[in-house]
Amino acid sequence: MSIEDMTGQGVTITQTGEHGAFGGELLTINFGPHHPSTHGVLRLIVDLDGEQVKRVKPIIGYLHTGIEKQMEALRWQQGVVCTDRHDYLSPPINNLAYALAVERLMGVEVPPRAQALRVIMSELTRLSSHLVWLGTSGIELGAMSVLMYCFRERDTIMDMNEEISGFRMHTSYIRPGGVMADATPRFFDLLGKFLHEMPGHIDEYEDLLTMNPIWRARTIGIGRLAPEVAKVVGASGPMIRGSGIAWDLRKVMPYSGYENYDFEVATNDGCDCYARYLVRIKEMREAVKILEQAVDRLPDGPINVDDRKMLPPPREELETSMEAVIHHFKLFTEGYSVPPGDVYVAVESGRGENGCYISSDGTHKPRRVKFRSASFVNLQALERMALDHMVADLVAIIGTADTVLGDVDR
Amino acid sequence: MLESYVPLLIYVLIVLGLVGTVASLSFVLGPSKPTRKKLAPYESGIIPETPAMRRLSVRFYLTAMLFIIFDVEAVFFYPWAVLMRQLKWFGLIEMFVFMGVLLVALAYIWRNGGFDWD
Amino acid sequence: MGLEDLVDSLGQNVLTTTLGKVLGWGRGNSVWPAQFGLACCAIEMISTATAGVDIARFGSEAMRASPRQADLMIVSGRVSQKMAPILRTIYDQMPEPKWVISMGACASTGGVFNNYALLQGVDKVVPVDVYIPGCPPRPEDLLNALMILQERIKAQGIITR
Amino acid sequence: MIADQLITDKGNSAGDEWITVPAPRLREALAALKEDGYRLLVFLTCVDHLADSSREWPARFEVLYELRDMEKLRDLRVRAFVDGDPPQIDSVHDLFPPANWDERETYDLFGVVFNGHPELTRILMPDDWVGHPLRRDYPVGGEPVEFSEEHETWQTPPPEA
């Protein structure tokens, strides 16, 4: 049957008596919410014929936090807190999507130094997100030591996050109107040392896994996603680049100054789990290259838009000028209001295209905030990728889709 | 003639005694409060409605049977290994013939796809 | 049945209290957590289990996937309304003696999100022993909570609740 | 190119092109746009304009489709205004496969019924949930918090309802 009408087959719980290939009945099992290898609380209803997967039906919603309703009840600058927490593996990238959307609605442009700092934080987050993915996917397929190596580097990135924003994971560093604070010299020392060592660490991961026969046996040819199916299903990120299509929003629709960094789009036309693994490894190397260029050419200047409506005035001005006190008071009691209209901004996160759609009605709270989540769409491709594979391969397929359930359920 | 087996008997008794006490101790002393909810089948947090007792695919049977055949083959090596010195050349050649027959069977099954699943 | 009947029959005397101390020492130093990773706190829980912060020094390295072999449930992450009955089912299927650590603000009080979708605090569903503030708490906070729990286990003796 | 009489309104909002299409003829418009090159449906969602004074809205619910042409790198937002209880619109899951789950989520959170969807059931909320949370007349919920004027207003539906 064609790709189009394969959608929405959905799986009904098999009635007893439906037979598999060799006469055995189909067994329906729960690859349930509380499972060590589902990267969060994803539940799959799997119909098995012996060891082979005949049908997979993902059931989500076990981590639905009502973030979009929460943001409708919060003011514009308070919403940044929620954007950190729905895709908890790449918080600054979600902040960036929200901040760019609000800035385009307000019609303001952040100074170049803020754009460079945003690129630095985004690439650091992409590295830490891929490290968590590699660690957890490795341990699920039996590579215990990969987890220890990857989380060692992740901890250095968390120390850098803490140095620049005072918080390990949910930094809320990127806000509408600029960034929270300027980077301290110690941050650049840590970053310089990290960039010097990181290529060596990536080689360590490659030595551990790339030519490892068990890793290759468990990932080559597993979870095939043909290029045209990937395009039709709307996959994005490593899922589509693993099938040979060079679609990277940082190159195709550049934002926040990505056009003046030169890096390659990591693609691999193997269309299977191993290809997506190689794509993510190459993306880590490209992220290190971008970080080096960003640190070398970091422009100086202000880090925030100097629009007093949007951002509080500096402290020392409060003693002298009366307007500063008025701005300060209005900002922290009612918050600023965004002109009516709606906008959609898409950014490239570790998982794919994470976007933020905002519809504003001119009041000081958004009318509607919708997060386009890459994992939500990539998870729909799981139904096709897992057909006729072994149950054990389901673990590799869930791993390669790199879904974060907070992002799926919002 | 039997007394040469006495140490073996003592050894078996010690093993049975040890295992027996350890198992029964944990059974007697350990707190056990079976409640209906605790004994419900664990399937990743969901109490399953569909019965788990289903007719299994015949492939499981095939795989089990192949395992048994080649495992029992290993049992025949033990008595041969004990008497290898006395049997001299005849025993060696005989065992190679035995292994050869089974290797042919293994190759036949492998080529006909008895081992791969789908 | 076993030791608890011993305590009922003999009451608190030198035999049962010393036996209680030995039991408490054994249980306290080998608390096996059930992997109940929900959201962001789960990532910090994993990084607690890795070499950097190393929960293995406290005997809790073996994160058990099935509740049958676990005696501590670390609720790490926000509990939605759809997940609450499953959380209770998993808690029921854990053998006594069992303890619960509620890791992070979302598990303890609903945290940042006070809306229709989240259970405002996991203590509405399961009895909680130690709460950890933070969103997400640092891995060292989780170790601190584990040490507090270990003291409490050692003080409990034979009958735990 | 899409027939002109299909487009009732057109414009550009903060750099994004958008057109408005009459809801009953939505499938026809989307099929034409798909032939025109907009092969990818980025996302589909709904905005509830209850008591929205910023502009004159033709109907309460605005279902919007963000389409993208991956060759010519252009985006287009198609709006369709729907009203009624429950608001009805045709499903496009066979034209754009990603729409399958998006429609189920929009039905789940807004109550917009998509005719022709193979399995229109709740996807995020528990199956026995009553009401559609993201509608403006649905209270934010959660627990009242002392000394905070914001949270009192969250318990009751917003005043504009």
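We call the chains A, B, C and D, going by the order they appear; numbering starts again at 1 in every chain.
Simple rule for what comes next: a residue touches a chain if its C-beta (ideal position, glycine included) is under 8 Å from a C-beta of that chain, and two chains touch if they have at least 3 such contacts.
These numbers were taken from a predicted model, which means no experiment stands behind them.
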| item | value |
| --- | --- |
| Any chain in contact with chain B as well as chain C | A |
| Reference chain C; chain at largest CA-centroid distance | D |
| Rounded Å distance between chain A and chain C, as computed from the means of their C-alpha atoms | 30 |
| Separation of chain A from chain D, taking each centre as the mean of its C-alpha atoms, in whole Å | 24 |
| Centroid spacing, where centroids are CA-atom means, of chain B and chain D in whole angstrom | 60 |
| Whole-Å gap between the CA centroids of chain C and chain D | 43 |
| Residues of chain D engaged with two or more neighbouring chains | 125-126, 133, 138, 140-141, 154 |
| Two or more partner chains touched - positions in chain B | 45-46 |
| Chain A, residues touching no fewer than two other chains | 32-35, 61, 64, 66, 69-70, 73, 409 |
| Interchain contacts, given as pairs of chains that touch | A-B, A-C, A-D, B-C, C-D |
| Touch list for chain C against partner chain B, complex | 1-4, 66-68, 86-87, 89-90, 92-97 |
| Touch list for chain C against partner chain D, complex | 81-82, 110, 113-118, 120 |
| Chain D residues within the chain A interface of the complex | 13-16, 18, 39-43, 45, 47-49, 52-55, 66, 70, 73, 75, 77, 93-98, 100-101, 109, 117-119, 122-126, 133-134, 138, 140-141, 150, 154 |
| Chain C-facing residues of chain D, complex | 125-126, 129, 133, 138-143, 145, 151, 154 |
| Residue ranges of chain B in contact with chain C within the complex | 28-33, 35, 37-38, 40, 42, 45-47 |
